[in-house]
């Protein structure tokens, strides 16, 4: 895949790019479909329930049915809503979530782009989703939505900073923002992966990432018990589906990013395991990350909003800054 | 004798009084007045002494003080290696010639008299005398300064001091009067400053190569330097274009014309005469107006003889307008102070006429007229002050028949009036006579028209003076008393001076002899 | 590439003018602050265009724009803080009503 | 990556050169922490004293640096400037003169605030005190910078801090409002400056002033239009910062709404800093233009500076005629004074920097003095109207006399620093043969007489019913008298300052930034 | 090296991202019913009649956090290039960044002490 990037841009190549893009889009959609199913199953299992089991064998078509239901459901736009923003908000939320995926490398040769500012690109684009959420909250002209939107914004911006700073340590070690270079910088022994040298950064990253996803225990913006459904309370049908879609695409993105940044990407944990193709390793690690996220949701209670904010500012931010300096000093002493 | 800085002593001696006053408690009213009056005597005595010691043949060279003061270096980088220093220089340069001598004398006399007249001041004597003495410093300085910067400095000192004197101690309309005074005179001094700046930046430029291998460039405000550069430019000095000369001359004309005042710029002065306390008007009318004429002579005539010559007719016409306009309006005034104010305008017109003659007689006449008018108007306002003290009005229609209850003051008033209308034997006559004589030989028509104004002068002065002294007296004035001793002394003194000048004019014409020589020579050469 | 430069400069100029127009005419204080940000970002665009397509391409322009972003952020932060204080006391964010002081 | 290897990092040795700046940085940080952790009951004037001390220490560093540089300089002035960080920071006598002005102005302002700021006016006194430090630091950076980026950072450090300082009276609507106006208009002007700078960068590919100057003069023909564009954009922005008409509209409102010491800071330090970069950029970048056939270009640029100067004088002075609020009045007089100060920049002559410096120093003293008097008066009357000066002479005679001195100085009456400054500026303009600007200068001073003496009129000629004496806090009184004496001293003995500036300052080595080194 | 290709793909992804909602919503429009009623279109407030305005004034805290975010987020603008270039630069750069971040930490402490970080209601 990487070789095409070297070739001059012709219509043929463009068509190939486009085709791959579409294929990837369907892969992602497929992932989302079965991630939802998987999530319900896992949570059910952990809560000693069965989970979906009616539609299709083992309930495998449950999510498809849900999607279809959403598709044919009547779509209401509240009279008082700001119509255009209301329509635009889910799109704004969803588009970046898909667009960030472009920088993720899956194996040494399987990647879409190799931007030299890859990480920055990810950070920059993922921020835009926040705007979509605030817009949704605002445009609905509903108290719950607005509060949900604002909460979401406050939470996202509070955790954005630790998230962004926690990866500085990784950048320091590799001297590049290109995700491919970062993976290549990690070795074939698992202790060479960034999560061990960067253990503080890793922990901060994981916590902040979960929060960015608005998932339990940080799912305050859509806290059903207080805000009904938060910013998307007025959304129904497929517009609502896009918020869900965005959330699960971000699950995909964060899981891949964690794998790439901290878990050595496609590298095997030991050199003798390199005979297994990189893509397998990647998928394994990726699956683990996804599973971890679901696991969290089943295990953790939702935290209070004041705890949420002070945790972000008073713990994660100083920690991530410390991590930056510990890493810098380490690089100064041992690498340079 | 040459070691004593007599000019500085004269100029700065009032400061001594200020210093003492600063440490005098504000409530000791008599003490303050005594100190104030006493202080004015110091310069007075010094000036009299100098007047007697003045050696006409030396042109007062003995009296000159020149100290380096402000020395502002300029950057010499542009001339690296060629110029060893480059600077702007303002000196503390005082000197004395006939013109200055007379005006300083006038200042000293009027200063003493006005200090006496200040006994009528009702409040805040301490501040009053401080400002009064400051004003005196300014006036002495103006007449002696031989550096443009220094001149301007003293000029502004008089401006500020007068502003406060009018504004704090004047009558009801004092604030307006003070403001008008400030704005007009501020404008005048601004124009003057522009002219001076131009002069310093052009004619004040000097190249000194006296020491071998060292070139010193300087801009200087020194009058002698500027005169030298303007009249006899050396090859290194900046030659002013005709346009530039004209601009500067007009600026100066307007600047000093406001002070003089020349016709369209006179309105401020009426207000001041009307609203200021009489003691201040004595100074103002007696001395400050002369600063305008002095400036015109010192900077207009002496520095720009050619320009003056070409503008002589205009000056003369302006003078005539002043005379006639002042006289006509003085005729119709109902307020005696305004009569005097307009008469001042008229008399300053005579000064202008004398100047525009551009011959020896005319110039001497103008100078004489300045001195004489200074004394006469000081006397007038001394009387006005005492009068107002008693009657609380100076409106002609409310006054009359005062000769009966205060014969002494009425007599003095009559003498002042006669002097003012130019009765031979009193000082006013000599000035007017000489001025017109001078002009007759140059511009006959204008002189004739001017004389008409003098005739009108007789009418308004007599109308005013006689209206106060004779005629029916209102009942409320019956009990009023004649002048007290402290008022009588200055009145008599001033009268004595007026008579002295009338019968023995040479006493002040002699010192003038040499002062105009160089100028007249230039006129002849140029013409 | 000079055509490229020209169009970037034109875009920056348009953005700058839009920002200026907004800052001077809008009634909502928040929009005024936003317009100012727009002006600053127009400049950043200019700098980056110059650093890429300029006569003498180089990194300095990009560095400059990084500084600008920081400063603009600080400015915006202070602006919002002041606006909050004002809003608390005045109860409105309408620029037309900020007329406490005598003309 | 070659550009990275070009960066010249800060060396340890440079820290000594930066001592004045570092003093302020460290003091600001420590004081802010101190303010946070000091118990509430401790009077925050302690912080004021400490700030004052740090400003004075910094001042001492600047002066010692200046003297040592002056001593080591050989006759050819080659060692006159120390350049740091790849010529982006530059310590020369131009900068040092300005730094002395900034620091002494700030020191006076801090001193007069001690004990005279009331808790109900500024709630967070501690913050007020230590925020002045970064502000003055920004000004110092502006004076010292040789690079557009440094320059802009300094400018914004000053501006942003001033925005906060203006809004320091948190519960006062006027203060909030003026802060908001200030930040909006200030940011717009920053954007203008920046936009102009971006063109400079675009034409030269560098942000270093020397580099820009070199490129511009080499490729003058190609960039004619852009040079004008960038000049006018930047000039508009700077005119905003120094409050020169027609970009002065913010000044009256901001000066009125800000706490009085902050007004003094804006009027003196902020304005001076604006002039510092104006001077530096224009003389480095724009005015060396005009080789051979393009001399008209420089003529155009200087002429536009003079036109703005004339406009500032005219508009400032005439608009001030209508003001009834002293702070607004001083703001507009500040506009006029910005005009006077622009004259030496716009007219080429051999002494323009010493004229400029002299007038700036004179302006510093008279302005701070006048605002200190305003503080005294408004403390007792509760407002800043001109009428609150009524009868001041009866109530506080010495203060009234001091105020009179400031007024005379503002109005340009001899024996005061203000007059001397204006005279020097006028003479400089006359040397450069810009006669018309002299006329404008002097005539507008006449207009100004009216409103300046309006204050005098209130003090001496009006009286209020009861003449109870005003209580004057000692620091305020002392500040007033320091300023009054300095104003008189400058008027009588101007040589001292002028000689000082002239002794150290050299146009070609201190103002112009050379390539290389 | 056709580096532009990378951005072409980025553009394709963004385009696909936009295309999906457009297609899905358009298809949905054909499939779904549309029977709007007054009640359906009213604002949801747990089944009650909506009270007051929907766009309520929110807590001032949100702004404060937004301000904090702006400041700290921009910090990363410097941290990232610094981190990338760090290995090629000298020790002094570490010290400089240390100072820079220390200043920001002081800002954080300031906010902390001034109780900005304390969340007290919704």
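Of note:
We just call them A, B, C, D and E in the order they show up, numbering each chain from 1.
Everything that follows uses one rule, which is that contacts are C-beta pairs under 8 Å (C-beta built on N, C-alpha and C of every residue); 3 or more make two chains touch, one makes a residue touch a chain.
It should be emphasised that the depicted structure is a prediction, and the values quoted were computed from it without experimental measurement.
Common neighbours of chain B and chain D (chains touching each): not present. Minimum number of contact steps separating chain C from chain E: 1. Measuring from the average of all protein CA coordinates, the nearest chain centre is that of D. At the far end from chain B, in terms of centres built from Cα atoms, lies A. Here the largest set of C-beta contact pairs joins the chains A-E.
Using the mean of the Cα atoms as each chain's centre, the chain most removed from chain D is A.
For the pair chain A and chain B, the distance between mean C-alpha positions equals 93 Å. Averaging C-alpha coordinates per chain places the centre of chain B 80 Å away from that of chain E. Chain geometry summary: the mean Cα position of chain C and that of chain D are 25 Å apart. Rounded to whole angstrom, the centroid-to-centroid distance between chain A and chain C, based on C-alpha atoms, equals 32 Å.
Across the assembly, chain A contributes no residue in contact with two or more other chains. The multi-chain contact residues of chain E, meaning those touching 2 or more other chains, are 66, 73, 75, 85, 88. Applying the touch criterion to all chain pairs gives A-E, B-D, C-D, C-E, D-E. By the touch criterion given at the top, residues 9, 16, 19-20, 23-24, 29, 32-33, 36, 39-40, 42-43, 46-47, 49-51, 54-61, 63-64, 67-68, 71, 74-75, 78-79, 81-83, 85-86, 89-90, 98, 100-102 of chain C touch chain D in their complex. Interface of chain D with chain E (complex): residues 1, 4-5, 7, 9-12, 29, 32-33, 36-37. Those residues of chain E that touch chain A in the complex are listed here as 1-2, 4-10, 12-14, 16-18, 20-22, 24-25, 27-29, 31-36, 40-46, 50, 54-56, 58-59, 61-62, 65-66, 68-69, 72-73, 75-76, 79-80, 83-88, 91, 94, 97-98, 101, 104-105, 108, 111-112, 117-120, 122. If you check the complex, the residues on chain E that touch chain C are 60, 63, 66-67, 70-71, 73-75, 77-78, 81. Only residues 3, 148-149, 152-153, 156, 159-160, 163-164, 167, 170-174, 176-181, 183-184, 187-188, 190-191, 194-195, 197-199, 201-207, 215, 219, 252-253, 256-257, 324-325, 328 of chain D touch chain C when the two sit together in their complex.
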